[in-house]
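Shared chain: chain A. Partners: chain B in the first complex, chain C in the second.
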Partner chain A sequence: MAIQDMPGASPWTQRLLAIYGALVLFFLMLPTVIVIPMSFSDSQYLEFPPTSWSLRWYREYFGSSAWMSATWTSLLVAVLTTLLATPLGTLAAYGMHCTSDRVRNSLQLLVLMPVVVPSILVAVGVFHLYAIVDLNYSITGLVLAHTALAVPFVIITVLSSLNNYDMTQEMAARSMGASRPQAFLGITLPQIRFSVLTGAFLAFITSLDEVVVAKFISGGENATITRRMFNALRDQIDPTIAAISTCLIVVSVLALAAVQFFGARSKGRT
Partner chain B sequence: MAAAAASSQSLPITVSNLVKAYGDLRVLDDVSIAIRPGEFMTLLGPSGSGKTTLLMALAGFVSPESGSIRFGEQEMITTSPHKRGVGMVFQSYALFPFMSVVENVAYPLKIRGVSPAEQKSRAEAALEMVKLGGYGGRRINQLSGGQKQRVALARAMVFEPRIILMDEPLSALDKKLREHMQIELKQLHQKLDATIVYVTHDQREALTMSDRIAVINKGRIAQLDEPKALYRRPNSLFVADFIGETVLLPVQREGDGVSLQGRKLKLATPTPSGNGPLQLVIRPELLQLDAGDDGDTNTIAGVVRQTIYQGDSVLLIIDAGDGREVSVRIATSRAGQASLPDSGSRIALGLHRDDTVVLAEQAP
Partner chain C sequence: MSAVIAMNADELARGQRRERAQFIGLSLPATLLILIIVFLPLFWLSSLSFLDRGGELSTENYQRLTGDLYVEAFVVTFQISAAVTALCVLLGYPLAYWLSRKPQHTANLLLICVLLPFWTAVLVRTYAWLVLLQRNGLINNTLLSLGVIDAPLQLAHNLTASIIGMVHIMLPFLVLPLYATMKSIDGDLVRAAVGLGSSPTEAFWRIFVPMSLPGLFAGVVLVFIMSLGFYVTPALLGGGRVQMLAQRIESTITIFSNWGAASALGVVLLVMALALVALLHRVFGLDKLFVR
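Showing the complex of A and B:
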């Protein structure tokens, strides 16, 4: 809602509110934005503001095979997690939407567990489980664990848009000869597309960003970038971290922009 | 098209002993109903009586506990909705907002794998049928309520289903448009070779449109009859009260007959059996003011209390003794000719024996 839309607020209140909003945004953004100039520094250490500028830390990052392999691991895991969590979460949301209120409410609690439980507990649990089934340090294990963490986000976004969707449309389609999958794919999915895309984005970011579980169950040649960054920070603080962070920010922003772009297009069609 | 039309002969629908329960509530309680091929059958009943549930059972969206549903000779009870081949119109229209009007109407054909060219020509023909020719390119949100209704209708009939189900399709329209669409739907039904099952809780709509009406109460069929029979010969007080304007007067059993104000009534139907209390069912417009005793007319004595002008008719409120009020409706055209009795004057109302129906308060 635009601030101007507030009826009954005096111009002064509106202006104060705008300033307040800008300040909140600024403090939210600050920690994220501050690493960007730091990454272009020429110094040996993380410093702000940088005294001299260079691209050496980017060269460092892109030139290091260890960093690169961790990056590819992270991207691969994030993409696979997205591909797994999005259909899974979408179908789960659809199923939950179609059941009775009572079942839905209890399922909702269950499904949100991975989000509510502290990640360190999840990490410890998964580590011990994986020790039994021999999945520690594997891509498969990482993808499965991240999918469990990401699915709730997909479910929540898709479920909320299904709540605004008229399911009789699907009944209409079925009465006209469409099977249930046909009706879902042809009629419902195009109308909840934006929330599915948003869910996919959240799944991608959840995986890319995840460090606690990865710290326990990833390692060796399958260490994720976040895990390696964490280790690097412990040993010595150098601006490579800032360069990597900047790259991660760029990837996230690009993904978000893509969601917005396709979302706007799908909304424009309705 | 010709081949398709030849195969699309309307089907009878036979529902036998259908039961649907939600928990302890039997929403459909042993419903049996035989719908003739090509018939316009209306399911009429108060809110919550189970009309939608019955319609959804026919469509396959509600799975009954027991009973049978046959289309023609074929048992449908376990057939999934998309294989039943029924056209359906929903109360909310359920149009697909991300498709144009013509895409909406062509959808059933597209699903059936009809060629794009034929899809287009048949969809446009269907739009022509509902008087929306030329609207094919519009978006759904550019249509008025009545136009959306027509698109839903075109979409339900474009694939020439032999059965069309409609759940209160006109209830979202204003009164004038609704009455117009009632007539149009009825005309459309005559052109289509389809059995129509129509749900409404508006008794006037049901009387206007239907070949026959099934009155439903608490999950049971209270009465199934043609509109005229339903109106003139209700078989229970529930039906009498639900259909049309009704005034009830308590009457006494006398031998195997019935009396009112001490006079024996000449009845159109046999006296209800048993010995429970009885009520005379009066339609206000069937009472006559200037009753001559021709041997076929019952008279009811009373005192005029009030005269109410209602535009097309005049309503007289009559005190029939014991504080029982009877209303008499007189068409304005007739009221102008005869001089209306003044308030306070005593009059005798006439009710022809063919219109004299007495019902037991409790169904036997």
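Showing the complex of A and C:
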């Protein structure tokens, strides 16, 4: 590994670059960081820094049956999506890894499509599809749509760790009499488990944070939290949303921390 | 003897084929779900775009797209996407360069500042910008107290706000692939150029920058594709003044319930996005892009 520096660059250039880089990082962090103190403000007007502190907006959030039911819907959908997308994605990645290059490449392109197709088109399309099979405003419909959006992330993470995994270990197990499923569950899966978990966290966050599809196909008593937030934000800047946002940021931070942790572990292993 | 070997080889090849078919079967549930939820409705949308209101085959919907409202949506979408992409490069390239020349552990710590917003919900970040940019928000108040301005500026609910919000959301998508590419550039090459008498500036532009272009290209195309179809941030931060393609599609359906025109718009958007994706796949390989 080469020494990481800027050969011959003057100290001034380096200093300027550092200042510029720090400013860009500040720009990236500012909005996320600013929401948290504001959620503890006592004022209606979201001033910064808050002049007086209170848990008023948290009481508002946790006391509102509409917000609470939306929160439970979102959590339920995200958990079910994770439970569905993780095994489906892991199996698909394993199957794709073991098949021929040509088939793998075309399957890979196909499963990446949900990531690159504009979400408004997926939303409009799914809305129409669900109108035919009567799944709009249902938990089942939301879970299926979110699974389709989340499964690519599981496949990508698991595939990339399978690429670093030595398949001959499975061969060895099978030569000693293990069946394919036994070899996969007993030998391969334990070794790629961190990437499977990373995929699961990605699936969870993808579902929890998804707005556009939920805006079209969720509603009534099954409206998700993001749908409700989106509609509330169109009218006014409700400070309750600062409290909800802070809760969502905490979930993101925990998920990111978990993924970083698993990432470090799996790098240590394979 | 050789006949037996040939037979065995034949048997083995057949076994291998059977096994491969089974493996494709393993990916079937996930692929089928994506086909039904994502692809099937897209095919239906495309076919709908070629029917007029009476259900006859026609290009009426596409002719309608030449109307002022739609042309404006296309122009605005392209302008915003180009501006967002350019700003992301301006902010992201120096950042990625700075990070890639840092020792690994420092870079990892600083990268958290890129990853955390990346993992935070788009809606939460858009809300944060609404709060920051509002009339009595932090930015107006800071500028007022510094004496830069006398009266609060109208920062939210316009084009500028949409662009700021979008740049914030897209920036990690540019920085992450670019950082990965820059990290793999051998610093000795630049050092060698300097050692052989090139000026540091010249070495940077003629050695480092060309080698970072694949990563930059990947980030640029990715940001541009995502900007083209972006909905949430312009819808909230634009305050109804900014109508990009995605919002035009949404309002064509929810307000005018004109599915034909909306699907024609959708098809054009889809074709543009897929063409860019194909280009990206050619040059960079899509699969490499999403590995974090």
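The rule we apply is simple: the second predicted complex is superposed on the first by the 228 of 270 C-alpha atoms of A that agree within 3 Å, B and C clash if a C-alpha of one lies under 4 Å from a C-alpha of the other, contacts with A are read in each partner's own complex, and residues count from 1 in each chain.
Note that a residue touches a chain if its C-beta (ideal position, glycine included) is under 8 Å from a C-beta of that chain, and two chains touch if they have at least 3 such contacts.
Just so it is clear, the structure is predicted and the values come from calculations on it, not from any experiment.
Visitor: Both complexes share chain A, so when I overlay them there, do chain B and chain C fit or clash?
Guide: clash
Visitor: For A:S175, is the partner it touches chain B (first), chain C (second), both, or none of the two (neither)?
Guide: Once the two structures are laid over each other on A, A:S175 reaches chain B alone.
Visitor: So in the superposed three-chain picture, is A:I187 touching just chain B, just chain C, both, or none of them (first/second/both/neither)?
Guide: A:I187 sits against chain B, while chain C stays out of touch.
Visitor: Contacts for A:D166 in the overlay, against chain B (first) and chain C (second): which applies, first, second, both or neither?
Guide: first
Visitor: Is the number of chain A residues in contact higher for chain B or for chain C?
Guide: The partner that reaches more residues of chain A in the superposed model: C.
Visitor: Is A:M96 touching anything from chain B or chain C once the two structures are fitted on A? First, second, both or neither.
Guide: second
Visitor: Can A:I139 be said to touch chain B (first), chain C (second), both, or neither?
Guide: A:I139 sits against neither chain B nor chain C.
Visitor: I'd like to know which partner A:V79 touches here: chain B for first, chain C for second, both or neither.
Guide: In the superposed model, A:V79 contacts neither chain B nor chain C.
Visitor: After overlaying the two complexes on chain A, where does the chain B footprint on chain A coincide with the chain C footprint?
Guide: none
Visitor: In their complex, what parts of chain A are in touch with chain B?
Guide: Touch list, chain A to chain B: 166, 168-169, 171-180, 182-183, 187, 190-191, 269-270.
Visitor: In their complex, what parts of chain C are in touch with chain A?
Guide: Against chain A, the touching part of chain C is residues 19-20, 22-31, 33-42, 44-45, 91-92, 94-95, 97-104, 110, 112-117, 119-132, 134, 136-138, 141, 168, 171-172, 186-188, 190-191, 194, 199-200, 203-204, 225, 228-232, 235-236, 246, 249-250, 253, 259, 262-263, 266, 269-270, 273-274, 277, 281, 286-287, 290-292.
Visitor: Enumerate the contact residues on chain A facing chain C in the complex.
Guide: Those in contact with chain C are residues 2-10, 13, 17-18, 20-21, 24-25, 27-32, 34-35, 38, 45-48, 88-89, 91-96, 98-100, 103, 107-122, 124-126, 128-129, 144-145, 147-148, 151-153, 155-157, 159-160, 205, 208-209, 211-212, 226, 229-230, 233-234, 237, 241-242, 245, 248-249, 252-253, 255-256, 260.
Visitor: With touch defined as at the start, can you tell me which chain B residues reach chain A in the complex?
Guide: So the residues of chain B touching chain A come out as 59-61, 80-82, 84-88, 90, 92, 94-98, 107-108, 111-112, 155-156, 159, 165.
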